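As written, the chains take the letters A, B, C and D, and residue 1 is the first residue of each chain.
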């Protein structure tokens, strides 16, 4: 399956792009995807602990199963207000 | 000594006036004055428990000593806002 | 702490109060409160509340509250307007604005001020019904 | 519960937001909050904050907060405006208004909403100094 990864805020700077495509084996989770992303964008490794993940428009944990076509957003702690 | 008594809100209606003068013996307190007022304006007796008293612009208790020329305000619970 | 208090018979003019606001670059939070006259009082329909105030004492007592507020919270500015006389349903009788560096203190100070005002400001209200009283 | 949410690059126009307010005769309390950009960030002088938002998700997440708010408090109306892009020091980045029958619930709901917004809305800020960054 294919998913789109979107980076926000300074994760975008670390990744050097705002979007990337990943092809994952069936049964993949957010965790699978994050591991893949960290290999491809090693500068994000340091930020791993503060990383937030949304699938579509919902926050999701690392064990969330992904589906073909999902848009997964990866970003640092939010600072609205 | 002479003090001026001011009634506010519905205490004014009960008293039938907004101000009254009282002449009190030296050493009188708010308590002395209130007792005098209740005799002169008996309709206020029922409201005695919820009565608030200010001397000048400060809330005062029943044991507060009065001075010649004091303005003593007597009113029901406040409802600002 | 800048402080401003108005007791007035006139309608509260929020727009001009906003226009008169000045905040420093240290201010991170502005909290405003409007107390509106509701259409019912003790379960009965009313058309207005008639507010009466012992004005000199209101000013003094609220001044004391401002003093305490300035000691308890790092408030940059507080403004309070209380309308008296006849206030129709749907219109504000009270407007309060607190400006402070951070929102927690702005909210705390504003709520405290309103609670205390209701406790100590010698103001009274009379419900006015459709028939006049 | 009436609800209104705007994410905008434009300056927050408080006067026109006020003009657009409608309150029923059951509303006794209006609480407004303005979050202002302060002149210092982490102890350093700044000239502005640059806000970035993942807008679709901000709208969805704040929509969920409005849902919870409407269940938890008898709020009549909630309006929230968040400015994004460059917001100069001294200008508001956030405006929130909550209208409710009584003040305790209006304050509680408004504070809760701001706390939750800061927790869940995907918005980020970058301090901009005198030299551009």
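Everything that follows uses one rule, which is that a residue touches a chain if its C-beta (ideal position, glycine included) is under 8 Å from a C-beta of that chain, and two chains touch if they have at least 3 such contacts.
All values derive from a computational prediction rather than experimental measurement.
Both chain A and chain D are touched by no common chain. Between the Cα centres of chain C and chain D there is a gap of 22 Å. Chain A and chain C, compared by their mean Cα positions, are separated by 49 Å.
Mean C-alpha position of chain B lies 27 Å from that of chain C. Within chain A, contacts with two or more other chains are made by no residue at all. Residue positions of chain D touching 2 or more other chains, listed in rising order: 35, 114. Viewed as a network of touching protein chains, the structure reduces to a simple linear path.
Pairwise chain contacts present here: A-D, B-C, C-D [touch as defined]. Within the complex formed with chain C, the residues of chain D that make contact are 14-15, 18-19, 23, 25-40, 89-90, 92, 101, 103, 106-107, 110-111, 114. On the side of chain A, the complex with chain D involves touching residues 6, 8-10, 52, 54, 57-59, 73, 75-76, 78-81.
Touching chain A in their complex are the following residues of chain D: 35, 51-54, 56-58, 60-61, 82, 93-94, 114, 117-126.
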